[in-house]
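Shared chain: subunit A. Partners: subunit B in the first complex, subunit C in the second.
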Partner chain A sequence: MTAVARSGGWPFHGWTTMLSICVADRLAHRGDFALGTLMRFLPIVTQIFLWTAVFSAAGSTSIAGYSRNDFVAYYLLTMVARSFSSMPGLASGIARSVRDGSVKKYLVQPVDYVGFLLAARVAHKLVYFAVAAAPFALVFFLCRSFFPWPPEPPVVAAYLASLVMSFLLGFLLEATLGMLGFWFLEVSSLIFVYMLAQFLLSGHMFPIDMLDGIAVGSAGWSLSLGDIVRLLPFQYTAYFPCAIWLGKLRGADLAVGLAMEAAWVVAAAVACRFAFLRGTRRYSGYGG
Partner chain B sequence: MMRYLRIFATFFQASLVRDMTFRLNFLLEATTSLGWMAMNLAFYLLVFSYTPEIGRDSGWTKEPFFVFVGTGLVINAIVQAFFMPSVEEFAEMVRTGGLDTALVKPVDAQFLLSLHRFKFSALANGLVGVVLIGWAVGRLETPPPPVAWLLYPLLVGCGVAILYAFITALAAATILMGRNQSLYDFWFYITNFSRYPAEIYAGPWGGPLRMICTFVIPILLVVNVPAHTLALPLSGGDRRLILVTLAAAAAAVGLSRLAFQAAIAKYRSASS
Partner chain C sequence: MPASAPLHARGESSNPVIRVAGLTKHYRVFDKREGIGGSLRGLFRRQARTVEALRGVSLEVDPGEFVAVLGPNGAGKTTFLKLLSGIITPTSGTASVLGHVPWQRHDDFRRRFALVMGQRNQLWWDLPAAESFRLHEVIYRVDPARFARTRDELVELLGVAKLIHQPVRELSLGERMKLELVAALLHEPEVLFLDEPTIGLDVVAQHAIHSFLRQVQQERGTTVLLTTHYMKDVAALCRRVVVITHGRILYDGTLAEIVDRFTTHKIVTLDFETPPSDAAVAAWGFPCERRGPQVRLRIDRDRIAGALSEILAGESVIDVTVEDVPLEDVIAGLFRSAGDDGEPTAALQEAVR
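Here is the complex of A and B:
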């Protein structure tokens, strides 16, 4: 990119080239992609019936502040949030490229490795949304009665901002994890621990509000498990955008939440860049 | 028959040697699946902190439900350990022509292709399932009668047979389509329907869905019938469902066998 800038062309030429290469690659299997996306909604059918059964037996119209419709809407919205923040194969791909030496081609060319990975992910997401828009629209139309339509424009704006930041946070956290491959040749166990924590603590599996009733602490102090989980960055990759759309966060809580999410993005970006710089300093590549 | 048992024993031994050669990998795989399983159990415990049962008057209170979960773990562990590793290689064999090697060998192709590789780390979840069943059965209000204990292993076997038939049919589809990654995803998503008691599928949409998943694609019989037999008192309808499960397992295995043979007959080698 530096070379492009020096040549006097459009400064983002390198980025757009990387983006167009990745878009072409992703569009090659668009049919399989669309079918796979539609199938990912099948577990939602089970969730609808599960929570209907739970509410019928609980004898209550609200669990942890969520109605039955809220639960269904929540699970559908987590699919949107995860489609932004999930980065399949990113950390393991970085670790593999360090292990097999293919990372060196990025180190000797005037291409920023993290920038290239980001462009590849943006391309992946652009194609994903282009192909997955129809299945998403169909499912959300069929399930429209579960949603408290329509949120006010500022809420929609906050929701969209949280989604964009959830993409960046998901990318940066996984990229940082992958950079640990410069120190440990095998990071699959770390990736597993991260995925487990991510799935459990992000709100992907259930709304974090369900943990508010579980107290943690001793006689002197006490916090709810939900409060502790909210201190971690994982919630911004699933729970937080959904909570915004469903109106669980308003006013100052919403503003503080968005500011915290932005702070986590900056912290993750610093960590990622730091890991890359320190990692490449200790890296040795040999041969062609 | 003895010849096939000897071949099976050889595959079993070879897979065990392979798994034990990479012991750390074996432990990591077992830990991974135990981690996901523990997370699911935590989720169920959380749900039961908000409700006494899954479905009003369904009988699926905490202990019977954990018998259900344990049964699901055992059945899925058997399928994941003994059938899935072989079938996962199948699509690649069709695409690359590696299937030819299997077809020219003097053994039944379906036997060879679905039982040549095992993954023993997948049995870890099954062991936890057995412990879970033991814990939950000991806390049931009504202990299972002796006939339930006699029927239970047979019905677990039927559940395994139905899932085996299902993945065999998908393997047959692989031969016809060349590549079917989405179909294997479909297997994962369709078996998702069997993760909860059939009683949750109620109402104008749930009723027909339950009928389809019981009598057309009998996925709801896989865990529900053995778990129900052990954990809840049997009514007349439940006894009929046991007979349906026995018939469905036999029919599913038979039909999938026919589908596999028809697909093999249409197979054209991809190799030179």
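Here is the complex of A and C:
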């Protein structure tokens, strides 16, 4: 990913300027942004009520190996992971810029479009965390009793690495999806399908290891649905970082998981670059 | 003359900044039938056709030239600029701009030219232009001291110093376009492509932009290609004119030559003390307009001297003006004179011999 740093000289100056301008642009819409950020905390309240109700109805202290506290902790951690990996408006924004012709300026200027989008998204996240830091802290403070408190430092380091990679993976998957705008006039249905898959298969809706009990396949070979879902990249955008924090992955499993996540990041980066290069070759420069 | 050669080919240059040979661009478009039935049929069978936006354009532009690219809507002007600026890839043919193949989009190339599209924004909509300028300083790697000097010069020339700290969305179209031009010139491009930069602007803003472009181009020796529908832009700025119709170059030569070759008459306005009879007016030339004692006449160029001496000898004339036919009319006539396939008609070829 190179933006202005492509051929040497002032790379950090370039990035910092681009970042500061992107931050300024985000702040131009601060009211809407702050409201949107705060609204994102509402679902966690509903999740706490929902799982409390589920547990009291089931009359059990554990569902699929999760206690009520585990579920609340899981959803709080999912919220953190999603705050890194979700990319609101990225794919649709790219597709729109192709359709209305505003992508042209990035083809004419000596700036890499994907690198520029990445800088803009980093700025987006920085502003988001600046706004969301206090509410996050409050929610975690209020829910502190649900948590297994900080794991040992190497696990925290692995957790942080998985979050950074989940940001990159989320960005690259959505950017690739947006690049399909070079081929299709309208990509909103594709984005919807992606969002749905993301919601169901990333662990956003429920922990993926709940699917481990569902077997698929015949007598010769047997896999659980959880195994299949874990082969896809989606889990790295929500479930995987949570699983690290909750101590579900250790030792070799953790290392393999991180390596797989890194491999998905590289694969998505290649796909995104390929889609951009092929897309711009067939681009017709619509919109005047 | 080969069928597709422009009517007035220019001499070969030893060191052109832009060199284009046999450039073609075909688009495949799908026709959509009307109504729900048409849409449903389109799901199963789409009717595609090929649009030939450019059909073998060859051209050379020397350093420091200011060239107008003219043509009716859909002639291929903007496609031509998009190809030269690397936004799109041609179907066939070659092009070299500043020694680079534009559609390879090397950063070394992209730092040396700029494209301004009248209907497109390169400035950040919600931020003051000063922020976009700062970004340009970085992405074009302009030396900070030089950047500050150039920016100050340009904003002063256009009188927009007070506007650069105001969010772009709050500015008028003319103000925005001036700031777009500043942004495009901050890195002192050697080649500047302008696609209808004065579209929708009032006369004052147009005039300000003309003066600005003329001064900047003369001081820096920038090579400029301009597409426009406003002949005032052409008359104010360009010596050379390239006319494209139906994806082909129909004419390539000086503006003066177009006027000279494609106008057969002049417009004469006369104020008489006593209005002359209609028969007398018709004998002098073709009457265009008559308002009281004032008469506007179209008179063949080779008859002007004779007709005027006859009028002045026989009538009591208070005032007389002789004008060239408006440039718009000349160019419109030139557009019309191209055949449906973009080839110059026999009559047109005759006119330029």
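We adopt the following convention: the second predicted complex is superposed on the first by the 261 of 288 C-alpha atoms of A that agree within 3 Å, B and C clash if a C-alpha of one lies under 4 Å from a C-alpha of the other, contacts with A are read in each partner's own complex, and residues count from 1 in each chain.
The definition used in the following text is that a residue touches a chain if its C-beta (ideal position, glycine included) is under 8 Å from a C-beta of that chain, and two chains touch if they have at least 3 such contacts.
Remember, it's a predicted structure, so these values are computed and weren't measured experimentally.
Q: Touch test for A:L42: subunit B only (first), subunit C only (second), both, or neither?
A: The first partner, subunit B, only.
Q: Is A:A24 contacted by the first partner subunit B, the second partner subunit C, both or neither?
A: second
Q: Can A:A252 be said to touch subunit B (first), subunit C (second), both, or neither?
A: In the superposition, A:A252 touches no partner, neither subunit B nor subunit C.
Q: Have a look at where A:S188 lands relative to subunit B and subunit C in the superposition and call it first, second, both or neither.
A: A:S188 contacts subunit B only, not subunit C.
Q: Would you check which partner chain A:A58 touches, where first means subunit B only, second means subunit C only, and both and neither mean what they say?
A: In the superposition, A:A58 touches subunit B alone.
Q: Give one of first, second, both or neither to describe whether A:L231 is in contact with subunit B, with subunit C, with both, or with none.
A: neither
Q: Share the list of subunit A residues that count as touching for subunit B in one structure and for subunit C in the other.
A: No residue sits in both footprints.
Q: Which positions of subunit B touch subunit A when the two form their complex?
A: Its residues touching subunit A are 28, 31-32, 35-36, 39, 42-43, 46-47, 49-58, 181-182, 185-186, 189-190, 192-193, 195-196, 199-203, 206, 209.
Q: Touching residues of subunit C toward subunit A in the complex: what are they?
A: Its residues touching subunit A are 27, 78-79, 82, 85-89, 105, 107-108, 110-111, 114-115, 117, 119-122, 124, 126-127, 131-132, 134-141, 167, 195.
Q: In the complex formed with subunit C, which residues of subunit A make contact?
A: 4, 6-7, 9-10, 13-14, 17-18, 21, 24-25, 28-29, 101-102, 104-105, 107-111, 281, 283-285, 287-288
Q: Under the stated contact criterion, what part of subunit A meets subunit B in this complex?
A: Going through subunit A, the ones touching subunit B are 32, 35-36, 39-40, 42-43, 45-46, 49-50, 52-59, 63-64, 188-189, 192, 196, 199-200, 205-206, 210-211, 213.
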